[in-house]
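Sending over a structure as structure tokens; questions will come in a sec.
Labels run A, B, C and D following the written order; every chain starts at residue 1.
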Amino acid sequence: MDEIQKKEQASSTHKIGIYLWIWGLLFVLSFFSYLVDWFQFQGLLRHSLILIFMFLKAGLIMAFFMHLYWERYALVNILLWPMTAIVGFIVLMAAEAKYTVFTRLLYFFIGG
Amino acid sequence: MSNNSLNNLPEGFKGMSHDMGSDQTAFKGVQWGKVMMWIFLLSDTFIFSCFLISYMKGRTSTVVDWPNTSEVFSLHVGGVPVPLLLIAIMTFVLITSSGTMALAVKYGYEKNRKMCGWLILATAIGGLTFVGMQIFEWSKLIHEGVRPWENPFGAKQFGSFFFMITGFHGTHVSIGVIFLFIYARKVFRGDFDNGKRGFFTTMKSDYVAIEILGLYWHFVDLVWVFIFAFFYLW
Amino acid sequence: MSDEYNQKNTPLEAKSSETMSGTSGTSSKDIDYVRPAELPEQDLYHGHSFITKWIFCQDAKIIGIQYFLTAVFTGIVGLVLSWLMRLQLGYPDLVPFITPEHYYQFVTMHGMIMVVYFLTALFLGGFGNYLIPLMVGARDMVFPYVNMLSFWMFFIAVCVLMASFFVPGGPTGAGWTLYPPQAILPGTPGSNMGIILMLASLSLFVIGFTMGGLNYIITILQARTRGMTLMRMPLTIWGIFTATALAMLAFPALLVSCIMMTLDKMLETSFFMPAILQAGEVLDYGGGSPVLFQHLFWFFGHPEVYIVALPAFGIVSDLISVHARKNIFGYRMMVWAIVGIGGLSFFVWAHHMYVSGMNPWFGFFFATTTLIIAVPTALKVYNWIITLFRANIRMNTVMLFCLGFIVTFVNGGITGIFLGNVAVDIPLSDTYFVIAHFHMVMGIAPLMVIMGAVYHWFPLVTGRMLSEKLGKWHFWITFLGAYSIYFPMHYLGFIGVPRRYYEMYDSPYVASATGMNEFITVAALIVGFAQLIFIYNIVSSLSIGKPAGKNPWKANSLEWLTPEVPPAHGNWGEKLPVIYRWPYDFNVPGAKEDYITQTTPPSEVINAEVQKT
Amino acid sequence: MHPGIIFLGVIVGSVLFHIFTPWWWTDIASNWGAMDDTINLTFWIGGGVFILVCLFMVYCIFMFSYKEGRIVEYKPEDHKLEKILTIATTVGVIALLAPGLIVYNNYINTPKNALQVEVNAWQWGWQYRLPGEDGILGTAQVTEISDDNPFGINLDDPNGKDDILIEDDVLHLKTDRPVKILLRSLDVLHNYYVPQFRAKMDAIPGIITYYWFEPNKIGEYEVLCAEYCGIGHYAMRAKVIVESEGNYENWIKEQETFSDLIAKQEKNKLKKNLMAKNNN
């Protein structure tokens, strides 16, 4: 057990600097995503900026605060591959939502 | 139980195939509790994803205008409306608490009891502040007439999804806060140093518990990142 | 599925290279080398009083039995409900108290009980708890306390479910799919307390199951004994593992839809509720989407089908191999098929919704993914029957149930291809063809496996054999009866009889089916009563059954190799077992006996021409 | 008796049942013969696989029943055989899928000349709306429905004025003319299903769904609700009458349009007002 703990410690106690760096980056990124709203960007620009900052933040939290960057690939892959199901669900539901709103507008309001 | 079987393991994808092909454990050197938290968080990710996907479907397919979140969630500072101010502060608080939690985990592994305990306590207070601000936000909106079943700003679903998603997230934060306080007490009492047995489970305490709690707390923060992006900003 | 990728690079040969590099020593020692233990011995809580030993027990074996008995109890309730339904369909007006309200309540509760509270709980909670620690060589589940909570959460869920029979308005009659808007509107029986209790019960079930599921997954991944690689696990464990992984990822969708529907019911939110005009009044709903519920439900519901099927696949593979005295054919392909089916099952859900009014273009996507899933499933069937080829088949009750499984599963699988292919599904969906299909493939087929598994593992659990004679009667009545219930039922679907009809003899072209409906009802009653033989067999064998002794079937897998039979708490006595091979080394050329247990070191069977490690 | 005999009996019995069954498809009365063809194709391929697999199983249990000392084959894997089986299955699956997708493509693409019929479904009944001379249905909403406006047609939509309203559950259709059924539900899920036409689709509140078919056989057909919709589900029937063009034209002439309905109501109102005045 000692060995394991030592190993664990080796992978879990990192220099305090890295945590402070990530922390700072998270604040900056949050501030940027707030600015997206402040400047009232619209359309594609707004959405892509929101997504970029979101994924950067999420990635930093997962990789460094949750130590995923230092975990072995077996665990990382087990955790990330199921997300494909979510991605598929999102894509299909987006298509479904578009279809729903299309039929609603067509048959309830616009006609023709 | 000393052995060197966990040293010199191959890294990267090679390491992955080695780990998966080996006996005893698939995740080398990862404690049971930590795997449990990870798999639980994976399951929880699916819960939040389903909530957010439903929200996407609901928001896209309603023909009534969606309220402008930037206005709905604005605060008046000196008579001037500042968009999303409260939400920005909440995000700030949650990220702060996430940072203190990360440091607590680090000091926990270094067996720095005092530092670890105080940082957990700071995290708990951050979480409590977050919940407090959420309560403020809810009461403000309720005061303005937003209800789960209707609201004066636009689509009915706005209130429903707002209360449901932030409520579910808030519940997660609250549960986390409770556990943070419990663990802060345990750390100060020295349970993790002397391996005191748990009250319910009768299992020995270990500093890895702090990391497990940390995983949960960071996950709560992670979810907030997505809620912030999709619900407030989009 | 996640592990799909990981497993890809897992050659079995990896072991041998490790063996070589492991130690320096004499050559005879070399071939028996197994890596030393990575983890310390598990810390176990041993109960002392009656309560901690038998009721709030942390031993996975006891929890497994608790799960089994609770699930069987709910299953019997479901069975009785199905009789009542069949009586109404076969002999309308014979039983006066079956009104349409009651009929729909029976339909709903029967479906929900059988799918969730019976089959899921039985396979994963029952067999999973009992077999996982034994088969992977662990002392117990990794979190015994959480495991205990899991059962009690399930127990509360069952209590809430049963309570809904006694509330005003009765249980919900919304159909087991609980489709809104009708599930929460007054036109449906039990749309007040009934549906709320149902949703609450499902949520509790999900929470309880999550606790158990974490245990199963982590025990399999992180608590295997020395030498037990993933590719040496019995297929039972693979099936249960993949099913649990699916459950962990699919149940969230159910939980979310339950929460949202509860809010729709209690707070009048409009998640699933568009503008609705009922009884001349426009209700306070607006803008919601009922199809969203169906998507969420089937995103859970289709993996759920495999949550029931995959453990059955796994268990039946083991039973066939042991009783045919031959290794399972294509073990690696079997594993890949299980994992592949599991992974794909998240991309096929909307084949339940071809005529639901979803985006019509989805039909192409989902028909394709669904038929892709048919390939690994078919391969599994081939491998089962190839295993029988040139084997030495014991024609006992267990094997009969396995054969019954193959027949019913192939039948149900092929009708599944009808329903998965979108153009074929359109005329058939929502008819009796669907009912016949899913009862054959996820009712009767898994039930055959459960019964076979009970005959197989009863000696392990109780130390006594079940009666073969009664077992054979039980099998033939159940198999022939069930087959003659569901095989003709497909043809009702061809005529076009829609499902969930309380009665329909006023339609001209259905009148011809009267005779068949009566026949099916009689068969259903007979099959139901035949289960009394089973129950009698179990109860009587507990005291008068032939003592089984150790390893009565001469099986290889680890659960039969415990020092005590039935296994005690902690399973393995002083020392954990060490594993040297897969569990299917039957009739290896050159070996003295027709089986080589997993714990037999290579040096003891030096003459056997073992091909796999 | 050897169990193999009984299993063989089950297989032979299944085949015989299939051959001699009196229960089979109702005679098709629409253009969806292709659906029946794909079903038959699936039946032949699937049924063949079922028989082959089961016969092989029966063969095995006859030949290899337990005998002490029997030589058992020890061959954990056979890559060649596995590959052949995989490819054969894949080919079979493609053969089943491809025609299905082609038929489905027809199913979701309505021909241009299709006659639109809107079916309104509620607990538990049906009514219909047909476009008038302009061939366009007016927009409608559930929230607009009232005694004066039983279909909830938007009053400011000019296309709706000449819509033909049929407040009855009997629908007449012309033979050999494609029909696009637009399904609108007022409360819960329903499904407008005529077994002889093969086609079906759910009616969902909140959106409009559709399907099409071309009736090609004169006669009366029973409509069933095929999606569970509450207590009255089993009794939710209607009737479709497929008739020749002449009869159809006669029928449609007798039906009331939305503007007729409005005019009638105006008249009633006037009458009522007059009566009220006279009484004063």
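Criterion: contacts are C-beta pairs under 8 Å (C-beta built on N, C-alpha and C of every residue); 3 or more make two chains touch, one makes a residue touch a chain.
Note that the structure is predicted; figures quoted are calculated from it, not measured.
Enquirer: Which two chains does the highest number of contacting C-beta pairs join?
Expert: C-D
Enquirer: Measure off the straight-line distance from the CA centroid of chain A to the CA centroid of chain C, and report it in whole Å.
Expert: Roughly 35 Å separates the two chain centres.
Enquirer: Using CA atom averages as chain centres, what separation in Å is found between chain A and chain D?
Expert: Averaging C-alpha atoms per chain gives centres 43 Å apart.
Enquirer: State, to the nearest whole Å, the distance from the C-alpha centre of chain A to the C-alpha centre of chain B.
Expert: Each chain reduced to its C-alpha mean, chain A and chain B end up 13 Å apart.
Enquirer: Between chain C and chain D, what is the separation of their C-alpha centroids in Å?
Expert: Computed from C-alpha means, the inter-chain centre distance equals 32 Å.
Enquirer: Which residues of chain B are in contact with two or more other chains?
Expert: In chain B, the residues touching two or more other chains are 1, 3, 6, 13, 16, 20, 26-30, 35, 42, 46, 49-50, 57, 61-63.
Enquirer: Which chain A residues reach two or more other chains?
Expert: 1, 4, 74, 77-79, 82, 89, 93, 96, 98, 100, 104, 108-109
Enquirer: Touching at least two other chains at once: which residues of chain D meet that condition?
Expert: Answer for chain D, listing residues that touch two or more other chains: 141, 206-207, 209.
Enquirer: Can you give me every chain pair that touches, using the contact definition above?
Expert: Result for touching pairs of chains: A-B, A-C, A-D, B-C, C-D.
Enquirer: Note which residues of chain C are touching chain B in the complex, please.
Expert: Listed in rising order, the residues are 3, 6-12, 14-15, 18, 34-40, 43, 45, 142-143, 145-146, 210, 213-214, 217-218, 221-232, 248-253, 255-257, 259-260, 263, 267-271, 284, 286-289, 292, 295-296, 299, 579.
Enquirer: Can you tell me which positions in chain B touch chain A when the two form their complex?
Expert: Against chain A, chain B makes touches at 1-4, 6-7, 9, 11-13, 15-16, 19-20, 26-31, 35, 38, 42, 45-46, 49-50, 53, 56-57, 59-63, 70, 83-84, 88, 91-92, 95, 98-99, 101-103, 105-106, 109-110, 208, 211, 214-215, 218-219, 221-222, 225-226, 228-229, 232-234.
Enquirer: Can you tell me which positions in chain C touch chain A when the two form their complex?
Expert: 1-6, 38-40, 249, 289, 291-292, 295, 299, 346-347, 350, 358-359, 361-362, 365
Enquirer: Mind pulling up the chain D residues that touch chain C in the complex?
Expert: Touch residues, chain D against chain C: 2-3, 6-7, 10-11, 14, 17, 21-26, 32, 34-36, 38-39, 42, 46-47, 49-50, 53-54, 56-57, 60-61, 64-67, 70, 72-78, 81-82, 85-86, 89-90, 93, 96-97, 99-105, 107-108, 122-123, 141-143, 145, 183, 186-189, 191, 193, 195-196, 198-207, 209, 222, 224-234, 237.
Enquirer: Of all residues in chain D, which touch chain A in the complex?
Expert: So the residues of chain D in touch with chain A come to 136-141, 154, 157, 159, 182, 184, 206-209.
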